[in-house]
Each structure stands twice: as C-alpha cells, then as structure tokens.
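Report on the structure given below.
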Amino acid sequence: MDINIKIVSEIDTTIGYHYLAHEESGGHSIFIGSVRNSTQNETVHELFFEAYESMALLEMEKIAKEASQKWNLQKVIMHHAVGTKKVKEPIVLVGASSAHREACFEACRFLIDTLKERVPIWKKEFFENKKVWVTPHP
Amino acid sequence: MDINIKIVSEIDTTIGYHYLAHEESGGHSIFIGSVRNSTQNETVHELFFEAYESMALLEMEKIAKEASQKWNLQKVIMHHAVGTKKVKEPIVLVGASSAHREACFEACRFLIDTLKERVPIWKKEFFENKKVWVTPHP
Amino acid sequence: MRILFFGIAKDIVGKATVEFQNEIQFPIQVGALKAELIKKFPALGELSSLAIALNSHYATDDMSVSAQDEIALIPPVSGG
Amino acid sequence: MRILFFGIAKDIVGKATVEFQNEIQFPIQVGALKAELIKKFPALGELSSLAIALNSHYATDDMSVSAQDEIALIPPVSGG
C-alpha cells in the first residue's frame, strides 16, 4: 500500500483523487475538515494549529498502517495544516482508495477519527474577545 | 441547502471541496467512483455509461433533497459521467458538507448507495472477448 | 405513442425508441403496459426488475398512462 | 535534559522548551517524570489528559527515560 503523509502550511484540496487513483480501486473516499464560523454558538474568527511535527508524521503513518491492516486499501493520504487558518480554509485532508466502496468509506472515517484522538496537533480558537487552546474533555 | 447536479462527459475530480465549502461547514465528505481493471476476476478494458438524462437529473435531485431532510447539510454535489471510460477514469463524484463530520459521512454514503439503486444510468462492461450490460440481481 | 428503451432493454427490443400505434390501447395502467411489453418482447420478463418511468418519474403499476405521456422502460440500473 | 511543551502546556510552563538540570534524576520512569512535572507546574495536573512522548512515540508510565532521550509533554490533542 502507498501512503502519502504531510504537514503543510496550505492544504491542496484538489489532489485527493489524483493521489488515490489506482487501477485496482473503484472507490475513493475523501474527508476535508475546515474552519467553520462558530463553535458552541460563539463566532470564530480564525484558528491556529501547532504540531509536534516529527511525532505527528510518525503517528499519522501508524494510523495509515493500522487502516491498511483493517481494510484492503490501495492508497492512503493524510495531510494536516499548521499555522493560522481563517473561516472556510481547509485544515485536514484524509482519504483512502479500495476496490469497493465499503472499505474506503470505513477507512476514511477511521483515519479522521483516529487522527483527532492521537496525532499531536493542537488548535487555538480565536473568538471576538478571547483565544483558547481547545482541550477536549474525554 | 445548495445542490449541484450534473451529467457530464468528464468528471472534474478537483472541484469537490471548492463547491462544498461553506462558512458553517466543518466537514466535507466526497466519494469518487472510477473504473477498476477487473470485476469478478475478469479483466475489464473499459466501461460505457448511458443515462436517461432528464430522469437521472430529477432522480439525483430527489436523492439530494432526501439527504438534506435526513441530515443537516449545507451543500450537496452529485456528478455522473456518461460515455466510454477507461481504467482509472472517474465515473461519479458525490459529496456533502455539514457542521460536524458524522452528518457529511453518512449523507455521502447515502448519496452513492441510493444513486446506485435508483438513478437511471446503465453500465456496459467491455472484457477481452465480450461486452455485457451490467444487470445487478437483487 | 413512443416508448424509450435503455441499456439491456434497448438491446432486447433492438432500438432506443419504438412507436406503438394500434397494438396498445390508451389510456392503460402501468402494470398492464408492462405486461403487454413483456408479451411482445419475452426477454424483458427475464430481467431481475423492470420499471416504467412516466414523464421522467418512476411510476407505480396502478398509474394511468395516456398517449401524450413520455414513457420509458427502466431495466435494472447500474450507475456509479 | 530538555523537555518540549506544546499547546496549552506551553502556555502553562511559559516556554516551548525547558532545560532540567539537577531537579530531575535520570534515568526516571515516565510516570514519575509526569508526577515531577505536575508538582512543578500544578496547572498541568488539571488537564483532562497528559501524555509523555519519548523520541516521538507515545510512552507508557513504566518506560524508562534517560537524559539523552527527546521528551515532549503532550496535552490533550485537538487536530483535525
């Protein structure tokens, strides 16, 4: 299986299919996360992302390999942005390709769910009058 | 909700996010189906797609609206190709955007599953020595 | 009236459009029209499903078809 | 030895990197190191989770840390 993993300053949202396409793949599932204009009813102006880059890359690679053990995939892509991101700007792109659609859908969901649980990247939310590191409670 | 529905001769795989992005959307799920090189262990050379176009457009619109009743979505895209498609060429692109990722993933899966069940489009498979209309058995 | 055929139904019938003049009496119910078509082209009866579209929407067997409607025969779909 | 701090942990500690000289005795187990850091910076103890990365991999509490290892404190992650 081919894996493409990157920490970038700008996510290129157009390349998902180009990377995932494979002659054995009939299905390609792509998820893109972006900044939305509010969280818990408060207006968000921008987000700032910080990564422990060496570890984030290793952790994404582990997640991609776990996905390829759970499902029969041809390719996996995981890109995450760092720095300041405004509303509508993409933050993360993950995707997987497989012969049939069930596997790529489930794998894609696993990639983003597990990335959010484990990859050492931190988000600071900038509201009108305050900024806070998001520290999810379990 | 905004809906973008097309029958096209070439799928543009790069536009999914561009179309789905919305300031209230944090999640965007895109599925792209393409021609793979084999089916049931036989080598596929190409596929040919024929649509009852007026009805296919109406039926895709109904499916998009059903999705928007089931989930809180900002945008839905459904593009299907017609004509001859070779291995690795995209056939269909569907996607949905929503505030959180659960809704867009579930909606995207619903879009492609329901498209395959109901939209009047037919596929002919070209093998080495024969060509057959695919007529799925229930 | 004209009936449109697609996919394998087009191959069975031998053309994309067939004009029916006196063979079918209109108005007719969708279910009865389907039965007439299967009588005329028995291979249609061997498909795993066969639907009728009335003016570009799926029709149920009890709907009535007039000679002015656009009718299409929908064999099992296989898009995506 | 140097410990890297990220996100809210960096704000609590006041910098991204802290050099510990004689305050911590190496080798030390990961669990004990975490306890030392929480004693020094009590606000770290109020986070919903706190992990240690040892040479860029998540470490378990029973692993041993030497002064040559790259150590990072991982507060609750919030990527994606």
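Should a chain be cited, it is by its letter among A, B, C and D, assigned in written order, with residues numbered from 1 in that chain.
Rule of thumb we're sticking to: a residue touches a chain if its C-beta (ideal position, glycine included) is under 8 Å from a C-beta of that chain, and two chains touch if they have at least 3 such contacts.
Note that this is a predicted model, so its numbers are computed, not measured.
Steps from subunit B to subunit D, taking the shortest chain of touch contacts, total 2. Between the Cα centres of subunit C and subunit D there is a gap of 72 Å. The mean-CA centres of subunit A and subunit B are about 23 angstrom from one another, to the nearest whole unit. Subunit A and subunit C have CA centres that are 48 Å apart.
Counting partner chains per residue, subunit A has residues 33, 112 touching two or more of them. Residues of subunit C found to touch two or more other chains are absent. Contacts between chains, counted with the stated touch criterion, involve the pairs A-B, A-D, B-C. Residues of subunit A that touch subunit B in their complex: 13-18, 20-38, 87-88, 90, 99, 101, 104-105, 108-109, 112.
Of all residues in subunit D, those touching subunit A in their complex are 4, 6-8, 11, 47-49, 53, 56-58, 72, 74-80. The touching residues of subunit B, when paired with subunit C in their complex, are 33, 49-52, 54-56, 58-59, 80, 91-92, 112, 115-124, 133-138.
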